[in-house]
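The same chain A turns up in both complexes below, where it pairs with chain B and then with chain C.
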Partner chain A sequence: MRDAHERLDHAALRGSLFVVVAVLSLLPLTRLIWEGLAPGGTASTSALVRVLTDASTWTATAHSLVTAFGGTLVAVVIGAIVALVVTLTDMRARSAFVFFFVMPLLIAPQVVALAWLQSFGPASPLLRMLGAAPLVGSRNPLYSPAGIIVVLGVQYAPLVFLTLRAALRSLPQELMDAALAGGARPFRVVRTIVVPLMTPPLLAGVALSFVSCLGNFGIPALLGIPANYVVLPTLVYQRLAGLGPGVLSDVAVLSILIGAMAVAGILIQDALLRRRDFRIPAAAASARAFELRRWRPFVETALWLLLVVVLVLPLCALVLTSLVPAVGVTLGIKTATLENFQFVMFEHAAARRAFVNSVALSATASIVIALIAIPLAYFVVWHKSPLFAAANIVTEIPYAVPGVVLAIAAILLFLRPLPIVGISIYNTVWIILFCYLARFLVLGLRPVASGYRQLDRTLEEASQIAGARLMRRLRTIVVPLVAPAAAAGALLIFLTAFNELTVSALLWSSGSETLGVVFFSFQQGGDSTYAAALGVLTVIVSVALMLSTLLFARRVPQGVLPWRD
Partner chain B sequence: MKWESRRSFVIATAALALAMTAPAGAQEAKGKLVLYTSQPERDAAQTVAAFRRVQPNVDVEVFRSGTTEVMAKLAAEFAGGQPKPDVLLIADAASMEALKADGRLQPYKEAKVDGLAAGSFDSDRTYFGSKLITTGIVVNTAAKSRPTSWADLAKPEYKGQVAMPSPLYSGAAAIMLGTMTTRSDLGWKYFEQLAGSAIAVRGNGAVLNAVASGEKTYGVLVDFMAFNAKAKGSPIDFVFPAEGLPAVTEPVAILKTATNPAAARAFVDFILSDEGQKLAATMGYIPARASVGMPSWYPPGAKINLMPTDIAKVVHANSANLQRFAEMFGK
Partner chain C sequence: MARLTIEHLSKLYGDFRALDDVTLTVDNGEFVAILGASGCGKTTLLRQVAGFDKPDAGQIRIGDAVVSTPEYHVPPERRRIGIVFQSYALWPHMSVAENVAYGLDVAGIRNPERAHRVNAALALVELDGFGDRRPALLSGGQRQRVALARCLVTEPSLVLLDEPLANLDVHLRASMEREFAKFHERTGTTMIYITHDQAEAMALADRIAVMDHGRILQVATPSQLYREPADATVARFIGEGMVVPVANVEIDGDATCTADVLGRRVRLRHGPASARGTHACLREHDLRIAHGNGVRATVTSVVYQGGHFRVEATCAAAPATALHLTVPEPCGVHAGDAIDIGIDDGWLLPADHESQLSEQR
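And now, the complex of A and B:
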């Protein structure tokens, strides 16, 4: 009797989870690929030929590759050096440094791009106050491919840093001890032991930042569109915003192209790793730090200087711009004004609405995903079901492909009213919520899964023997145990969704604006002082949320909160 | 004054104030009103706030973009069968003429047009010019030399120093293109030369940003934006070019598919009312109703030399013009 109940409960819960994962993770991209094969419902290669013979497609593709490779190179150089120094040496104030170094990852890319823009050029309030502004008529150097590459690199260096740092922590001490005992100098140890062992995580970091650079919309939109330097995501945006859903089949082909490039990047990384054996001795103790001795102050100064350049100066420029009364005014005690903040907070209805929308969307997405992730990870980790292992991988897809790809897939899926109920969610806030759920599911799933891995199943088994049914066990035993991990995941989702632009730029309509969209339209309309004020506000909210997590950080599995070392 | 009498004084004042706003608020409107506009963010916000003081029961939802993009969005919505806006407030009459020709606009016969300049509104009363917006030249105060005419701007010495709004985004720029290309003194030849010295950016806001920030020294810009930014301290000056200034009328119109026509009519009433017109003047626009006075920047006693525009011709040539411009300026 009890077994029958248990089987029934399992079947019901597993079944509904499969449907959820299929709808969120598989359906949109299946629909997109179908559109590529049969545009508008009939098999035809016309859209494919039209797009692939269009010169602008290949210009944008070339630009995408240039900026993605360039950005990855910058990210890898900065991220790898910082990871090596932070992990392998005895530098001080490590946690504080990591908190700040990882911060760009959790600030909206478009806000970072504006902050960099305001650090250069003749109108930079920072340069003007220092009397170092370039002459009138000189172009802002960031409106260029090089500008896009630098800002992308800074934005994603923390990604490389995080993957490398996790791996460096499990570096086997025995090998390094042996080398040092054999008389090798520290640099030789790094070259012959650390670097080879770090190849897999480095390649993973490379692939990750390549895919992120390729899919980024905010940075090339702010820095590339004014220079007429169009990459694939901005091309999709321009086509759709300028021409409407009539060009949907064409942008679907473009999206598939972006998706294919991203997948190719991941596959190449996989193939490179499979050719070699990177296994390391088991049960390795965490590596001891190299002592920097008299070099320590210099190394520390260099690292903090890096932070000043990539984070503090741009953010200062952003804050200063938000205080400028009109573009081109030199900032001083007398000219500084809070009018821009007043406008975006109280007078501009869409900005206020966007704040409500973004908070509601992010909160809903993080709560709903936590509710999906807890039972899903339960089956993935504790029941080791092979079907769920597959489902686990499937949830990665909408996050791995660039955001524009998912957005176009969602438009194709929801342009016409939903079958049976007959309601259309296109042009409403619900299509954005759908995309957030699909895209960020994996962000909630990963921390919960690692939470389960660290927990012992005995408590749940004991209650099962005592007769508690599945839902009751989940509610009373499992949820309290994995709650900290789920909360950390929820917070990560909240922060990501709160700063999101790529998906909502294509899906918003009047009434369903997000903060990213309003920021972007301010900047596009030339109102960069309003954009700066809105950007400053979102940065404050993000940093406050990051700081608040430090309160419950000890109960969260290590490596879940990227900003916590 | 005792408390009672003070209160009755307050009530009497309030009643008087209500009575004074009665003409504009005569039609009781409520519900949601969707406005698509090309006004800059701040101006749109102020217009809506002032309208809601007269019609507090109407909630206004605004979509703002350049006129050309608003038109593209509308076209997409027409194609999808679900046009969202009730009312439009966009830059130029040519766009309105195109919508009218497609049967998209709803006439409003009772609109109060007395006191408006003749020809500023459609004779079938489907759209109504709300102001006059001229386009001239904006100069960063650090500029070494000053152009005085449109012809100057195309000179080789200004190469790479000029920003202009793209007509593919801005309605005022589309009218400027349509007006200038038909003139014998400028024509397409002028734009061919201009393509050598100017770059086309997303809209007037972007031009202002480029010139005020000093990234470009010269720009083609609408009057009110230049004067408003100058008043707030931006280092720029506005030049009235010798050949004259092309102008648009920023018409307001009700869509045939409006779901809240009562609120839409109330919005048109407000825009054309003395109060709405005064608001436009304080925001730096030349109002359609001259009786309410001119914006503070307006040269007293002087008359701006306007370039006449043949709207019908512009409507006819518009898409060909945009195509040709796009090829010339590479966007």
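And now, the complex of A and C:
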């Protein structure tokens, strides 16, 4: 009897996990591809031909490629150099530097874009206070492809940094010592040993930042649309915003195009890696730092100056803008005001709703994903079945494809009422929640999986020997032990969802605005000061949450919290 | 308490035979050690008995109940056995008392019986008053004892110990060995003790099963294992026995015979199946320096071991076998010297292991 119960427990849990993964990770994109093949349900190439013969498609594609390659180049140069210097030298205050350097990743891209906009241009409060602002009416230099490239590069440099730094840390010291013992000087060691061995993580970082740049919506939306420089994600947004769901088949084709470019980027990286053996022997001791000696102050100054330029100055500009009573007024002690904050927090109805919506959406997504990830990772890591290995890979898809692609897929999926129950979640907050669950599932799964990998399996086996069945083992032993990892994952999801714009920009409706959406509409409406105030508030919340995690960071597997070194 | 019966058990991982036709019976209340080098299959066997893995052939019975066959499998949580894991596997988020009480909670046993049994179990391992501590705050030996208390509180029919001393200091091991022995005496539980350390196995077990390459080579009492190894592998593994060829065996009693060993006529012990044996096992203390009347040999190394020397030598009659013996201090022998070695005793290995011996060559 009890044996049958146990098998039933297993089967029911496994079955429901497969259903969840299939619905969240496979269903939307399958629906999207179906739409590309058979628009409106009948096999036809008309939408395909229409979109592919439209000149604006190819202009946007070219723009997307230019900004994605440019942004990736900037990100790789900054990220790789900083990773090498931070990991391989004896610089001081390393943890603090990493915390700040990684911060742009956890601030919304659109907020970063606004902060940069406010650092330059005629309305820049910073430049105005210094009396160095360009003449009113002159063009902000960031409204250009170059501006998009620079901001994308700064935004995603931490991605390259993090992949490289993780790999550099597991580079065995012996490999470098052997070269030093052979008489090579540090620079030669870096050039001939470290850099060649770092090719795989570097390429992984390149692919990651290429896909991120390609899929980014907030930065080209803020910097490109005013300059009439349209990339694929903004083209999808404009089509959908201008013409409504009637053009769904067209934007589906565009989404597939973006998705295909992202997949191509990942495949090229994979193919490059196959050509050589990059396997590294297991590390006995991790890399030791080279001494900078008299160069140390200079290197440190350079690194912190970089931080000032890419983070401190833009954020200062953002804060100053949020204190300006109206765009164009010169900021001084007398003119500074908190009215913008008061307005977005208490007076503007949509902004108030957005706070509630964003917090509720992010909290729900992070909790629900934690509840899915704990049993899912249990089977993925501890019950090595091929089906769960496949499920693990499948969860990566909705995060790997650009957000626009997932949003369009969700619209196609939910445009008609749900079968059987007959309720429609299109134009409600639920469709956004669905997308968050699908997109961020992998963010919650990865930390929990690494939590399981660090856990001694015998802890569970001991409770099994004591007679505990699966559900009891999960509840009393497994959940308490992986809880810190799950909490870290949940926090990561909260931060990402809280700052999210790409998905909600396409899915929001009156009443279901998110903070990103309200921020974006302030900025589009020319209310930069309100947008700045909202941006400052989200940055404060994000940084506070990042800092709060340092309290329980020691119980979280290493590498889970990107800002913790 | 229950008898454990393992019959013709086999387990394959791909082409690798992790367990190969293993048969072993452990009597009620018996303490059996499973001894072997790492990779010999002893942990695989333990996981089979515990139910974490399913066999490809054979069966396991606990008491009269069949628990494992290729078709039928009782999950670990229903086998009513206890395990002390090598890593102890104490739950770090629970106190010592909560760790010990876990199995009782699962079984639905409530206070006051629950508290009474937890205290009794902690008293049994001499950890009274440690109930509120966290496992992380305990020493290695104390954790070991908590693991033992946790495994015994539910009165399992069978206790499996997976290298329980491997993570302890040398001096702690000796005292824990005594604890285990005392403990087994007091409770009379059937125990199976997995180890790679023959001194541990010899000190603790009623019987020892020696494993190699997934097979059980011999099951015997410690003394029998040492004095009468079943084959050349056991002879070499246990107590570093020297296996040398013999010729012209002449049986001269139920248990003794004479034979040519390294060119000398020597008296050996033998068992029922040894009559046509071709090899004998010699022990270190069976050899001595004979001064003129023994096997001619050349010393290859002399190593001081505190109070005595270990002398290694080779002889022309069997150049492949390194002989070794202990010589009390002062020694007076040096590497390169020629010596005579006298052989006082030896064990004629059973004949049917001849083929296996040539295989290993």
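The criterion applied here is as follows: the second predicted complex is superposed on the first by the 559 of 565 C-alpha atoms of A that agree within 3 Å, B and C clash if a C-alpha of one lies under 4 Å from a C-alpha of the other, contacts with A are read in each partner's own complex, and residues count from 1 in each chain.
Following the convention adopted for this analysis, a residue touches a chain if its C-beta (ideal position, glycine included) is under 8 Å from a C-beta of that chain, and two chains touch if they have at least 3 such contacts.
As the structure is a prediction and not an experimental result, all values here were calculated from the model.
The superposition on chain A brings chain B alongside chain C with room for both. Between chain B and chain C, the partner in contact with more residues of chain A is B. With both structures placed on the common chain, the touch criterion links A:S521 to chain B but leaves chain C unconnected.
Once the two complexes are laid over each other on the shared chain, residue contacts for A:R469 go to chain C alone; chain B is not touched.
Once the two complexes are overlaid on the shared chain, A:N228 sits against chain B while remaining clear of chain C. Within the superposed three-chain model, A:S509 lies in touch with chain B and out of touch with chain C [touch as defined at top].
In the superposition on chain A, contact of A:N427 is made with chain B only, not with chain C.
This overlay, made by fitting chain A, leaves chain B and chain C with a least C-alpha separation of 49 Å. Residues 121-123, 133, 135-140, 225-226, 228, 241-246, 325-329, 335, 343, 347-350, 415, 424, 427, 509-511, 521-522, 524-528, 530 of chain A are the ones touching chain B in the complex.
On chain B, the positions that touch chain A within their shared complex are 34, 36, 40-42, 45-46, 48-49, 60-65, 69, 72-73, 75-77, 79-80, 82, 84, 140, 142-143, 161, 168, 201-210, 212-217, 229, 232-236, 330-331.
Of all residues in chain C, only 50, 52, 74-83, 85-87, 89-93, 102-103, 106-107, 150-151, 154 touch chain A in the complex they form.
The touching residues of chain A, when paired with chain C in their complex, are 2-3, 6, 456, 458-459, 461-469, 472, 476-477, 480-481.
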